[in-house]
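Structure provided below as structure tokens; questions to follow.
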Amino acid sequence: MTHASENVSVPDPILVAKRENRVWKKFRTHRSAMVGGGLALFFVVVALFAPILPIDDPAATDWMAVRKAPSLAHPFGTDEIGRDVLSRMIWGAQASLLAGVVSVAIAIGLGVPLGILAGYFSGWVDAVISRCTEALLAAPFLVLAIALAAFLGPSLTNAMIAIGISTTPIFIRLTRGQVLSVKAEDYVESARAVGLPTFKILRRYIFPNVLPPVLVQGTLSVATAIIAEASLSFLGLGQQAPDPSWGQMLNIAKNYLHQAPWMAMWPGIAIFLVVLGFNLLGDGLRDALDPREK
Amino acid sequence: MLNFVLRRLVIAIPTIILISIFVFTLQKLLPGDPVLAMAGEERDPQVLEYLREKYRLNDPIPIQYLNWIGNALRGDLGISLRTNQPVLDLILEKLPVTFQLAVMAMIIALLIGIPAGILSAVKKGTFIDYCANAIALSGLSIPNFWLGIMLILLISVKWQLLPASGFVSIFEDPLRSMSVMIMPAFVLGTALAATLMRHTRSAMLDVLKSDYVRTARAKGLQERTVILKHAFRNAATPIVTLTALLFGELIAGAVLTEQIFTIPGFGKLIVDAVFNRDYAVVQGVVLVTAVGFILMNLIADVAYVLLNPKLRNLA
Amino acid sequence: MKFTRNALFISLLTMTAMSANAQDLRIGLQSDADVLDPDQSRSFVGRIVYASLCDKLVDITPDLDITPQLASSWSWSADGKALTFKLREDVVFHDGTPFNAEAVARNLARSQMLPESRRKSEVSSIEDTTVLGEYEIRLNLKQPDSTLLAQFADRSGMMISPDAADAAGKDFGLKPVCSGAFEFVERIAQDRIVLKKFDNYWNKDAIHFDSVTFLPIPDNTVRLANLLSGDIDILDRLAATDLNQAEASDAVEVVRAVSLGWRGMTMNIGNGERSNTPWGNDKRVRQALSYSIDRNVLNNVVFNGAFAAGNQPFPPNSPWYDKESPIPERDIAKAKALLTEAGYPDGLELEISVPNTNVPTQVTQVIQSMAKEVGINIKLVTKEFATLLADDSVGNYQASQLGWSGRVDPDGNIHQFVTTGGGINDSVYSNAKVDELLNAARRSADQEERKINYDAATKIILDELPIIFLYHQSWIWGLSPKLKGFKSYPDGMIRLEDVSYAQ
């Protein structure tokens, strides 16, 4: 499930502005990227507008309508204590998307600076960071996330931190590799030779080149993180009752597969669609940002 | 070659030490006293204190670590606080289970992923290519635990075609083993099949553009021969490497799959141990997994070098 | 075509014939057992395995009367300080060691002395033992203890081979040697525990299986699917919500019994800083919470009505239940009045700690929604079970959703929870009168006198509510219809005497 971003070679920075136009054009005509973007956008909008949508209170219980199949009153059915599944799906979208975005933000926030440090300064800094990265990568992703989430205590915030930390090594590696290849370029060498301050070199030359692959990987990682949150919630380590998230709804639904299969159906489909959306979007971005494919 | 392998092994040592320290301290920071967690309904303070002393849980963490790693080097990973079974025995008991699951999943992934990848590369831009890509992306996007419970619901509960849980070794009863393991292996294999398909496709596309494929075609060879004999053979190198790398991921992916299908393997061992605060088990399993993972990486690198004649001379 | 069909028929016949020769019973358990040493074990499932593996001095009837098992009879001395057992003379352990008074003495000593023993508190009243003959033993007690006999109907009374125990020490659990109907064959953690019929079992005519395999299958749906497909014969703890489906199916027979245990909310009354809230200081707000709960609706919503609503440490069908304190009706007006009286007319907040598993969170969410109507805003704090236990014992909670699996003797359901300094008194509740009543009930051998004491204590506890009792679990077994002779017991055990496949 790794999406290693392959060989994004480095263009001349003077051409960057021109390229941006081209990238957007390519992206716009990329059909699957637009579909993916549309899917992702749909769920983001639904999540954002959850408070003002005309739906039932996701916490309102109806003792007379426990585990009722989809009907006009409850288009997605009701859950184990008589709450409307549709409105819990919509509020659950908030948790699931938030988990995806925040944990990737954590991973980028930690991973990119560390990767730049390791790549640019080499020597023992690189050695320490790289060994730690390898150690983290050697522990299976989900096992690491489970252990971290159990350590921090079960909650959505802690699940996001756990997923963020577990995703960080990917970004360290990616950034480091990117920095290493940019560092060897002539224009960076000469900038160093004329004594430009390190910070300026990093900002002007290194960072812009690191950004595109991080953007691609970031989008794909959101997809992975949404699944990871769902997995942790499924094990009881993510979003906690009474607040819904799709994974948490699945965790409960698996006990009622016999009587209320719809409880398991909707969250699964939603996760599938939103993850598909981010995957398509990420693929599209990669194609658009890849200078090899014109 | 030997030199290369040795060098890689030496680099792996600090990584393994780091991961062992990491797992150990993480464990100790976990809230919830393991002895109390084990106690359940019977919480005799005297016995609890005796057990804490006995398992040296009152020692400073660095001392505990040194004790543990010292014993681990001698092949003693401690005993499970919950069942009193030696951790090493537990691991050796579970390893073949997860290994069988992973191998079956890998076979399924290869059987689907590679032909689909070749086909979609050869038919690039056609409807077939489009479909193959769409299916692959779907495979990547389905949460596999959800796929698992849906399959249980349909195949085991509704139609009662296959058993929903358990494990039977393939050496014990091949038929029964297949019927029990085919569903989890499929669930575990889907995402891999998708990844393999996508990589096969791009590797094939690269090769198909190359000069010698053009030459082969120009020589008038059959298209079938060109694709399978010339193109695929060259595209195979990165795929072999990838397969070795993905095998490590399979072990990780088994965590949830085993939980859902109640397969007594590695993944279930560690998840249950985390929840039960069975420290010795978690530490042992992560250590062994990490070592295995690093070995798989090494094998992948070696395979890459061996398959690449140019690199072979360098090494 | 005809030939193949006949061949198939014949092979089916031979298969059934073969299975008639070697009958294996498969039991699907809700979770995996812990260490298989009666002195060290803690888990409920472990006890289900012991029911086939290890015989006890005495057993219980479905109506909770004590009946002979390894002890053929017993008698109390007049002062209640000596208990004499006469033992069966035809019993041997699985390793061939004979069972006698000496073995009982060594077993009791192990329960008291083994550092890892979890049975110490159960047998703490025993001063020493006197072997009166090959098959007769007297236990000399420090003080009268009417709870002791019932302890011998559980793990404290399980007799293990003393020689094997001495040889194995604390590792005894890896290969337990008892005297039950089945002997230990193998255990694969999280996968199965296999026992085979013990040929020299004293009661072997009542045993109709050659082996028993216990399979831990935690997922309710998967466990039921296994029963429906015939992969298991007995299912431990069918989910209450699966009851309708199971009862409608031809492939399942359902048997039930109300358990001995209880579920409730422990209120932090005196355990550290966090007890210093209205919830810890004022019984009226606790009473208001109790009145806000409709225990029958709770039972219906979460358990399809299959469990028993409750308000005491004993289920309503128990002889120990105080009939003068019935389950209170939900009374919103009264709850609001109590809150106003306590000075909270606008309601107040309560934080409830809950294990992060399905049933407890569901129960608490239902209560949350009920309490909201009287103005009590409940916040759920979900914790992993291990963390919850640790936090509860040091007082890091306001209210905590927990339960107890129950004991045969009423003492086990209440004494250690509410007496001053009690082993599991996480509420740190203390009331001299309650202590006095429960201690007296513990000493007295007169069941009627005990009942009077328990009733009096229950009335105080229901007024002060250190624990708000909510419901009592029902044991629900799913059985393959080909089984006959299965009897349900309120302790939730699976006893295989006289159980067999229908011919």
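Each chain gets a letter, A, B and C, in the order it is written, and its residues are counted from 1.
We adopt the following convention: a contact is a pair of C-beta atoms (placed from the backbone, for glycine too) under 8 Å apart; a residue touches a chain by one contact, two chains touch by 3 or more.
These are the chains along with the protein names UniProt gives them: A = Glutathione transport system permease protein GsiD; B = Dipeptide transport system permease protein DppB; C = Glutathione-binding protein GsiB.
Predicted, not measured: the structure shown is a model, and the values here were computed from it.
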Chains touching both subunit B and subunit C, listed by label: A
Chain pair showing more contacts of the two, A-C and A-B: A-B
Geometric centre: closest chain by C-alpha means: B
Taking each chain's C-alpha mean as its centre, the one farthest from subunit A: C
Computed distance of Cα centres, subunit C from subunit B, in Å: 39
Euclidean distance of C-alpha centroids - subunit A vs subunit C, Å: 45
Between subunit A and subunit B, centroid-to-centroid distance (C-alpha), Å: 22
Residue numbers of subunit B (touch at least two other chains): 31, 149, 152-153, 157, 275
Residues of subunit A whose C-beta touches two or more other chains: 150, 153, 254, 257-258
Contacts with 2+ other chains: residues of subunit C: 219, 221, 224, 384, 387
List of subunit B residues in touch with subunit A within their complex: 14-16, 18-19, 22-23, 26-27, 29-31, 133, 137-138, 140-143, 145-146, 149-150, 152-153, 157, 191, 195, 202, 248-249, 251-253, 255-256, 259, 267, 270-271, 274-275, 282, 286, 289-290, 293-294
Residues of subunit C defined as touching subunit A within the complex: 219-221, 224, 239, 241-242, 244-245, 297, 300-302, 354, 356-358, 361-362, 364-366, 368-369, 380, 382-384, 387
Residue numbers on subunit B that touch subunit C, as the complex places them: 31-34, 36-47, 50-51, 54, 80, 82-85, 90, 93, 149, 152-153, 156-157, 160, 163-167, 260-262, 264, 268-269, 272, 275-277
Subunit C partner contacts - residues on subunit A that touch it in the complex: 59, 61, 63, 66-67, 80-82, 150, 153-155, 236-237, 240-242, 251-252, 254-259
Residue ranges of subunit A touching subunit B (in the complex, touch as defined): 1-2, 6, 32, 131-132, 134-143, 146-148, 150-151, 153, 223, 227, 230-231, 234-235, 250, 254, 257-258, 261, 264, 267-268, 271-273, 275-276, 279-280, 283
